[in-house]
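Listed below are the structures to be examined.
The two complexes that follow have subunit A in common; it is paired with subunit B in the first and with subunit C in the second.
This part shows the complex of A and B:
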């Protein structure tokens, strides 16, 4: 599978990205060179070096400076970036990547296989826990020639390619990091990558400016002269900046859900919730199974049935997102649409609680739970209030506890809660993003593990089967079976497949072209006149 | 007493304040009858404007009745105002009495301690205390009491300083009364009128402080308060003005009423001062 830059488009995997340019051409809008795109980052990232920091805002801005070997389409098919082609051996253990020619870092040095191997086996392996867990499977990493990387795995691992997007494994220049402490190397403060834009200026608390990189490996691209990310801490000011045209693009949590309908009605703006397929965050009520009576499956089913997910999606998130149907987001691979949790049914929920022997007292209260409100902003507080009223209808009294972000993470990590809200990225494959919440081997005193303490040997076994088999069919069978079990046992109360609104001026073209949306490199983004 | 009421009545504003305050109290007392059930219940469609769907003051973003929230919130606001003022009075009067009556080193120590609290911006301190002790009704009352006792201590100390040299106090001392008895039965009753006036204003500022804390999301998450209503409605004010305006009016009226009552009390308790003011005006 070889891709030349302009020709042979239709036959190659590069089609989804470059097709957009073709689409634009077909509509009579040729990409226009020039112009500055102004956007917003919330909150301000601590550094722009992927690996040293992998939080949302860092990934958005640094995704323009750095590139990975691949990126992913909305259906999570791999798309070539720095790797122009790749082959996987039939036993699923050997991956050979052919790199693009003529790729230069922003300091002028050419990118070679050495940089790629360094980024995979040293840089991200040491810095990022998520990368380490998976790159630990690499047995051998070799460079037969400067433009070829061969990785041999200890065992087949089918979701392996998903780890090569910029957000998971940005390619960094070996000569600027090797032999130094990666966190304190000077390059962390002035990041150097291969992306279409190079780091220019950062006034803390004010803005980050990225400039067009003239030696970018795609000729003629990028189209924009510069991208400016402004730091605007107040959500209403962000909304105003977008309305007045001071910024042309907002993403992630920049605009609060309740402001989205007003943005939808503005003729010059386009609102999209696409471009989060790779991350696919799923939110749920996190139950601590050590707290009675949450260990009783009937109680968990009752809680799940007492909640109207449509209300949450429509009234709290104003339609930005979809009601969850099972533990695997529907945009993630191996989602089984036939496995579904029971729908909203208050009577059935009350009957289940009666069956569990939890009779209401004189005030109509069966039992009392504490709920640790997720301290990520207003909409989460409203959600907690909604849950309290919904559960009260079936006789479960809920007491809310407020906390700050640091204490929330500490208390969830230490299992010091009855119930709370949690949401995690699923990274395109249940082995990468779903397994960790349900297998008993991952019951740890660490946030975003199986903190609830759910344990079921059958579930453990099915996730292990899916992790270790090389054949997607076997994996689908295991994942389908596990989704059915989880929907019966509802170890956590899934609420919503979250989406974040990307809102941009209609003059901004190609803002979302793949499954990573605004995290993409923007080398094909342009402003119409 | 009759005389007191006659003097109070002379201040028209104070009478109006008293009427408003009594109405607010009535609303607080009858809230469970007027709006049975919890003010958190989602009673109607979210974002209903006032007057629609039988909701007098509209509903909030979850469909909760704003009028029910205001009525039930009155209970919490008045309760927090009263309890935290009582707590602040207890601390302030005690320390002020010690400083004013004993004088000397005790006075120095107590006053430096008081000044220490007065130099810290009170709202910042209140936020800090609530954040440390996690938001609950207890920690909110505690924080408000901690930041509002210093003025009481200073007023009481000043009164005690001027009163303790008077003849009736000296007479009591000669009679061999214990110091505690002198403070409680002789001096304190004579220092009461500024304390009464001050405390009515403290209730008002306590209600404001509680609302400000709830507005910032530092109120008790299980109690409906006016500040919470404004705080939760603020972000959608361009969509639904009624969610924050009506609770704001409730706070405004109550605080205004308390201030008017305070002024009326001051006039009634210090007739000479009131006459001077009247003549001057």
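This part shows the complex of A and C:
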């Protein structure tokens, strides 16, 4: 095995991040043992087994039960978790992970390299679409000793490490799944991981209770005795629960953006929009390129210029998030700040539509589009109403269609829409989270593929180059070029680099310490007296 | 009613009820499957990543790869053997999911029902007795207000007053979680949580019962037998209880029967606003997730309940008013 310079760099790069976390702890109050943290989970997850279900709320709660080999800082540097160190060979094909000693699953069995290899090559590979796409690159997975895992790839894949956070590849106990149908195994109902909290109780529709795992591998941690997730389906009730102190922490879409300013003004609460850097969701108006005249680049540019992204960010989301400038979020690797879409300009937008030969009729309407409103909460309805108004200014009439989540997913997956709103996680690297929306090889009748149907051979080629290059410099060159092309062709109308408010009582410490925020294990979270 | 007629009546009604329930099951099944989207596409939509293999795996696991009539046949067979099926999404038998939520719903709807009926009939009777006077006006205005106000708004206002301003009562949930409690403490804790949602749910029905009782009592009070009773010198209170109220109760019972049939269905709105872990929410969330077996299971239990309470109401008529005869 060769210890590469880059490998060493990767390993040492993690250290300063840890130091910062420790420093922050030292500056604050000494961690206090004990206490129960009450939070909220919406919507209620169907099961708490990562892999079998990877919805947002599942990842939040199960992220306390399970752990991955690594996690990531806000700037996406890897931080050791179950892997205490790792090396990457100079050709970028061999990854060797040294595992933490003394790690136990909640049923008392020790975690070994066998569990890690099973989790990667069997469990997540067979269950999760994202893992399947990446882990298919693994040629060989070996365990030279019980605490070492060596993965050999068929080709270099530079974003590989990003796949080892809990949310992407939680380490599961092999002995509870091997030889069974993973989806129906009994362990799915009583999840067993290595995390600081073990599954204790779940009254459906009411609450999920996790309790402190006494044999956790970090001495003295976790600090909390228990974490309780209450299931509160109504957004106004959630806000009241936070205001009355019945819960101390909310996350993701628990609190509607228009309630955030009121929460900011409460002295006992802290509102943060950090902790989403790893996911970096980016929202856009999704255009179906099969619907005329959306196949005309001038029309797409005009729509993009007719929208005031500052208004959307400040007036609809109340500053939670920031205006998108190109298809890659600024918190994702390889974002090129010099590639920018044209700014808000209603006159120029109208001129472009004129140039495209779309003359307004007597009512001032050039053409009519249907818009399938995203059914994920009131703020999306408000966004749809804003879009209707601003596009009407340039002579595009928009008819809103409302729907529920099931119909939305079916219709987008079946390409049965003119326009809608969509957003996807970027997972730290454009190859992992951006490419899928724009390459023609991924035009599929499945949600979150290239459902819009945009196709450009040059874009395909640049994304392929970036995917297959081992050298970050070559990848940056390809990504910069593709960002410039996409900004000119605006295949989708990017709106916002999204963030979600994490709101907590000031007594809750360390709620956000890395780039995954509330998805972290919470082994260092504590309550001050 | 002659006792000898009862068994035949029950048998005939039982057969009819079974046919009705079966027809309902088939209709439900077809309706639920007519909704666009399926559980696999919902899960794919919520997971933020999917591929064709993933969708195909899920559809096979959920049994959705079979033709619809085969799925219907499988479902009918299992329902006939009293097996409500399995929620693949939640990896739990439907019966277990429904039973887990049943106590919460029965407690909430039962409390609301008892409160609405008792308070509604009392207020209605009081109003009828004092017709045209200020007490009548006050009761009528209150009833009208509750009748016309949306439930969720009443709920939110109650929470604002009693949870946020006065801090007397918890704003959501069915019990305190993570606190050690025993015996009476648990009862007290649940009662505190129950008060606001039961009140919210009960106020609407209270209004209905009050208005119904008042109107029918005034109608009955004009009838000859009441005048006769008064002429005989029967005390006014007894006339009201034994002659007027008893005869005025039939429409109230009809309505109570309808409400009782819905006891099991819970109330989606109130359960949502108060985060009450009941069956209404289970059904609503199952609908959003296209969790067909759970949705059908709740529908099945609710329809059986409605059929059962209709039967019970008919029997109750005969007891309250001996002139009413039961007939199949």
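Definition applied: the second predicted complex is superposed on the first by the 502 of 529 C-alpha atoms of A that agree within 3 Å, B and C clash if a C-alpha of one lies under 4 Å from a C-alpha of the other, contacts with A are read in each partner's own complex, and residues count from 1 in each chain.
Going forward, a residue touches a chain if its C-beta (ideal position, glycine included) is under 8 Å from a C-beta of that chain, and two chains touch if they have at least 3 such contacts.
Because the structure is predicted, anything quoted here is derived from the model rather than measured.
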Touched partner set for A:47, first subunit B, second subunit C, both or neither: second
A:404 touches, of subunit B and subunit C: first, second, both or neither? both
Which superposed partner A:183 touches (first subunit B, second subunit C, both, neither): second
Which superposed partner A:236 touches (first subunit B, second subunit C, both, neither): both
Partner chain in contact with A:295 - subunit B first, subunit C second, else both or neither: neither
Contacts of A:446 with subunit B and subunit C, given as first, second, both or neither: second
Touched partner set for A:256, first subunit B, second subunit C, both or neither: first
Which partner, subunit B or subunit C, touches more subunit A residues: C
On subunit A, the residue positions that both subunit B and subunit C contact, one per complex: 236, 404
Complex interface listing, subunit A residues touching subunit B: 235-236, 256, 258, 262, 315-316, 373, 378, 381-382, 384-386, 388-389, 392, 399-404
Complex contact set, residues of subunit C against subunit A: 35-38, 41-55, 61, 88-92, 97, 100-101, 104, 156, 159-160, 163-164, 167, 170-174, 177-178, 272-275, 277-278, 281-282, 285, 288-290
List of subunit B residues in touch with subunit A within their complex: 38, 40-42, 46, 61-63, 131, 134-135, 217-218, 221-222, 232, 235-236, 238-239
Of subunit A, residues touching subunit C in the complex: 36, 38, 43-44, 46-47, 53-56, 128-130, 132-133, 183-184, 188-189, 203-207, 209, 226, 228, 230-234, 236-237, 240-241, 243-244, 246, 404-413, 424-425, 444, 446-449
